[in-house]
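For reference, the structures are reproduced in the following blocks.
Both complexes below contain subunit A, partnered by subunit B and then by subunit C.
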Partner chain A sequence: MTSIVFNSVTVTRPLPRSGLQSGDDTGLIDLSPQPNLARRKSARARWHRVMLRATMPLVILLIWQLASTFGLVTPEVLPSPSDIGSAFAELVRLGDLQAALPVSLGRALTGLAIGGTTGLAIGLFAGLWRIGEGLFDAPLQMLRTIPFIALVPLFITWFGIGELAKLMVIIAATIFPMYLNTYAGVRGVDPKLIEAASIFGLSHRHTAWHVILPTALPSILVGLRYASGAALLALVVAEQINASSGIGYILNNANMNQRSDIIIAGILVYAALGIAIDLLMRMVEHLALPWRAKLVLA
Partner chain B sequence: MSSPDHAVELHQVRRVFGERAVLDGFELTIRSAEFVAVLGPSGTGKTTLLRLLSGLDQADAGSVRVARRRSVVFQEPRLVPAKRVWQNVVLGQRGSAARQQAVAALTEVGLADHVDAWPKTLSGGEAQRVAVARAMVHEPGLLLLDEPFASLDALTRIRMHELVAQLWQRHRPAVVLVTHDVDEAILLADRVIVLSHGCVTLDLPIGIPRPRGRTGRQFAELRASLLSKLGVLVH
Partner chain C sequence: MAVSRRRLMTLAGAAALAAPYVRADERKVRLIVGTQDIALQETVNASKVLDGSPFDLQWATLPGPAAQLSGLYSKAIDVGLMGDTSLIIEQGRARTDWTGSNQPLQIVAGWRNLDRAYPPIITAVRTAANINTLADLRGKTWAFNFGGFNYLQYVLTRIKAGLKVSDIVPVQLVDTNAAAAAFNSGRADVFSGGPGPIIEALNKGTARILIISDDLDIPSLGVFTARADVLRDDAKSQALADFLNRVRLHWTWYANNLGAVERILVEKLKQTPDKAKYYAASGASVFRPLDDDLMRHEQRIADVLFESKDINKKIDVNIEFSRRFNQATVQAS
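Here is the complex of A and B:
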C-alpha cells in the first residue's frame, strides 16, 4: 500500500582478524560454557596474577637482604629486612606499638569524624540549596587549592603544639575531599529523576531523602574513602609536631637514637594502616551499595 | 468555564522559547476517560505540550486547566537506581501498605516476579512497564505518555499497546499519548490530533470499534489520511 520500503537486512562480514592469530580463520571458536574447567582456569589465572604481582617486591626484598648481608649497604643507612623485622618484634615486645596504635588511630578517626561530617554537611547544604551553594561553594573551591600541609606552621601558632593542632590539621585535610564529592554527587543526580519525583508529588524533603541522597551515595562514599586517605596522610604530618605519644612519638625517639630500623618499621605501620583503611572503605561501599555491587562483581 | 467531565481544557495557550512561539493560540479540550493520540513532525512542540499538561513547565499566556491527579510516563523509565522496583513504584512511601499497593500495580503490568529487583537488572521493556505501574498507582485522572514505547522493539511494543489498552479500560483515565507511530495512534486512541506550526492542524475521531486490529478498510483509510497529513506520500 504505502511507498515506504524497508531495506532488506544486509549481513555484514566480520572484521578481518589480525594476522597475529594463527590457525584457520574460517572455523568456529568454541564459547560454550565449560563450568568446571572455566572455574579451575580462573582460579589458576588468579593465582598466576597474584604470583606475578608478588614477584617484584620479593625480588627487591631478596636483593636488599643480600646487599645488607654482604655489607654493600651500611645498617645505619638502610638496615636489612630481617633487622626491621626484629625492630618490629621489639616494638611489640616492649608494648610500644600497642600503646601507640590506639592513640594514632584515635587522632585519625576523631579528625576524620569531625572533618568528614563537616564536609558532608556543607556539601549537602551547597548541593541541595541554592543559598548553600552561594555561601559555601566559591570559598571552599578556593580554599581547597591550599595544600593542607602549608597550614601546619599557621596552626601551630594558633593552636600550639598539643593535641588541638594535630586534630585541626587532620580536620582541615578531610573536609575538602568530603565536601567536593558530596557536592558533586548531589549535583550530578539526573535532573530527569528529580522531575519524575516532582510529578509523583514528592515534597522537596522527600525528593532529597528518597531520590537525591541514595543516588548520590556512591559519590559520597568515594569522598569518604579519599577523606580517610587524607586523614592518614595528615596524621603522619601532624605527628611530626612534637608528639609525646602515638606512632609519631616512636618515630621521633628512633630518630633521636639514630635507629633507622625502627623508623622503617614505623613507616610500615603507617602503610599497613593505609591498606586497612582502604579495605574497610571498600567493604563499606560494597555493603552500602547493593544495587551496584551486582554490577561490579558480575 | 470548566466542566467536571473534562480532563484538559487549554485555551489560547502560548509557549515561547527565545524568539520562537512553539505553541501559539493553542486550543485543546479532552473529556475525562478520553484517549487522545498526538502526532506531529519532530520539533513541533508535542513534548512542550505534555510538559505544560503535567505542570513541569508553565505557559507564557493563556489558560491551562487539567485534572488534579496526573501521571507521566516518559520516553525513558526514569527509575531511581538505588531503590528496588517496588520502592520506585510507590516512590517516597514506605511500609507494608505501600508495598502491597506496589505489588498489585506490578502484578497488573506482569512484573510480579520482579518486585524486589534492582532497576539496573531489568530489560528495557520491563523498566518501562515499571514506569507504567508507577504512573497507574497514583490513579491518575490524566495519564500523559511521551513516546513511552519509542525505544522498545516491535514485539514488546505490541504487548505494551495491549497493556495500555487494558489499563485504560480498567481504570478509565484520560490519556494523552505522544507518538510517532501512526498505527499505534489509530489502534489505541479515540481521537488523533496532528500538531504543526504551533497548533492543532487535524483532529480526527477514530470510530473503529474495539478491540482493534491493524487490518480493514477503515484502518487503512485513516492511516493514509494521517500519513499524508504528516507529509508522507502514500499511493
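Here is the complex of A and C:
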C-alpha cells in the first residue's frame, strides 16, 4: 500500500493485485479532504489570526497601564486603562450608557436613512443625467467642505432646539459621502459595458437597472459605510443641541467636567459601534455583491 | 379587542370631563429657559421651588454663549444663560446701534458667589514657571478662550501687568476646558478662566492663583438674558418675574444643602467627588441687584474692550440691562 500526501489530502492507494482491481470492493480512490484534519487546521489558522490581531492592542494596554501605575503618565494627561474601565462601569451602573445607546442609535439611523437616501437619489440623478450633474454637483461639492460643527448656532436658528435640529446635523453629515460615492460609482461604469448594452438593444431604463446600478453598487456601498461612520461622528455635534441623553451628550458633558476617563470610555463605545456597523455593512456587501471576488494576497 | 358602545361612552365622558383642565393647562404661559449645562436645572428641580408654579417651564441645554444667543435670536428660547460681558460684546459688534427702544435682548438678573474664597474668574500660573509678580508674565505662554469674561480676565490682567499682546505668547482656544487642558498639561504657563477646570492643579500645588477677577473689578456674574418681545409680553414677563423669584428661593435651598448639590454634580454631571465639592461650594450664589454701581463696573469693561479693539464702537451698557426684575431677585439676597 502507498500513501501520498497531496495538498492536505491523504490518498491511500492499495497496491493493485491484478489489473485495475484495487484493494477495496469499489476500486475507487477517496480524494475528498479529510474533514477533521481540515477543520482542525482551519480552526488553528483562525486562532492564530485572532491572536495576531489581539497581541498588539494587549501589549499597548499593558505598557499604558504600567506607565500609569509607575507615574510616568499622569491621569490628567492620560487616565490609566483601569480608570477608564471604572468610568465605563460607572456609566453602566448608573444606567447612562443603556439609556444613551438607543437614543443615539435612533438618531443616527434616522439621520442616516434620510441623509443616505437623499445622497443616493441625488448621486444617481447627477450620475445618470447631465441636468442632474449641472444642478447638484457644483453646489454639493461646495457644501461638503463646510465643517458642520460650525453650523450648530445656525442650525439652532433655522431648526430650533428640538429633535429636528439634531437630525439635520446628522443628515448634513451623511448626504455628502453617499452622494460622492454614488456619483463616482455611476460615472465610473466601464463605457464598454454600456456600449454592449446598447448593442444588445437595452433601453436606457434597462441599461441603468441591469448594467449601471449593479456596476456602481460597490461604490455606493462604500458610500454607505462612510455615511454610517459620519452619522455616528455627527452625534457628538448634534447632541450639543439641547440634549439630555445620548453618547454625544455623555462625551460633551464629560468634556465640560474634565472627565477624560469618561471621554475615552465614550470613544471606546464609539469604536465598538464603528466595528459593529462595519461588520453589518460587510454583511450587506456580501449579500448584495455575491459575485464579487474575495481576493487577499496573504 | 372589541370596542363596545358602553366603553366608547365612558371614554367620551372622561374626555369631556378632562377637557376644561386640558384647556386650562394649555393656557399656562410657557417659559423656555436656556442653560449651558444641566447643573442649574437639576439643583432648581431638586429644591422643589418650581412646585405649583403657574407657568409651564421648559429647560433647554445649549453649551456656550453663541448657542444661547442663537437660541434667543431664533426665538427657540425665551431666556438664555451667559456671562455678563456677552451682551457688551453683542452690542459692541451689532450692525445696528442699540437704543433704549430697539435693543433685541436685555439682562434681567445676575448672580454670583460673593465669597472671595471662591472667585468666579482667576489668572493662575504654573508653579514651575516661576511667576511671582504680574511683571513676570512677560514672555510666558498664556492660555485663554474666545469671548466672555474669561477673555476679559486675560485682557485686564495683561493691561494691569503693563504688557502688550506682543510681550506674551497668547494661546487662544475654543473654550475654557481647552484652555485649562493646555494649562494642566503644562503646555501653557498662565491660564485665565474659571478655577474649576484647574482646581486639581491648584490643590496639588502645581499651580497657584496670581490675581482674581475681583481685583480687576470684573463683576463676573452669571446672567439671565431675555428677548425684548418676551419682556413686552405681560404674561411672559409676569412668569419670568415668578421664575426669578423661585430661583432666588432656590439659592437659599442650595446654600443649606451643599451635600445634595454635590451628589447631583457627581451623579448627573459626572464630576469627581473632589471637583463636585469645589463646584458645589463655589456655585452657592445670590442675585446681585442690577443697580448704578453694577452699571459703573460694566461700563468700564465696555470701555476697556473698546480700547483693546475687541468691540468696534463705544456703547452705553445701561440699555442692555432691565432693572424691573430687581424686586423679584433681590428680596432676600
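The criterion applied here is as follows: the second predicted complex is superposed on the first by the 203 of 298 C-alpha atoms of A that agree within 3 Å, B and C clash if a C-alpha of one lies under 4 Å from a C-alpha of the other, contacts with A are read in each partner's own complex, and residues count from 1 in each chain.
Keep this in mind: a residue touches a chain if its C-beta (ideal position, glycine included) is under 8 Å from a C-beta of that chain, and two chains touch if they have at least 3 such contacts.
Quick caveat: nothing in here was measured; it's all calculated off a predicted structure.
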Partner chain in contact with A:Gly134 - subunit B first, subunit C second, else both or neither: neither
Figure out whether A:Ile161 sits in contact with subunit B (first) or subunit C (second), or with both, or with neither. second
Kindly classify A:Gly106 by the partners it touches after superposition: subunit B alone (first), subunit C alone (second), both, or neither? neither
Considering only touches as defined above, state whether A:Val152 meets subunit B (first), subunit C (second), both or neither. second
Should A:Leu193 be classified as contacting the first partner (subunit B), the second (subunit C), both, or neither? first
Common interface residues of subunit A - those touching subunit B in one complex and subunit C in the other: none
Going by the contact rule set out above, which residues of subunit A touch subunit C in the complex? 76-77, 90, 94, 152-154, 156-158, 160-161, 240-244, 250, 252-259, 262
Seen from subunit B, its contact residues with subunit A in the complex are 54-56, 70-72, 74, 76, 78, 80-83, 87, 91-92, 118-121, 134, 138, 220, 224, 227, 232-235
In their complex, what parts of subunit A are in touch with subunit B? 1-4, 190, 192-193, 195-202, 206-207, 210-211, 214-215, 217, 289-291, 294-295
So in the complex, which bits of subunit C are touching subunit A? 37-38, 60-63, 66-67, 69-71, 73-74, 76-77, 177, 180-181, 184-185, 197, 200-201, 267, 269-272, 275
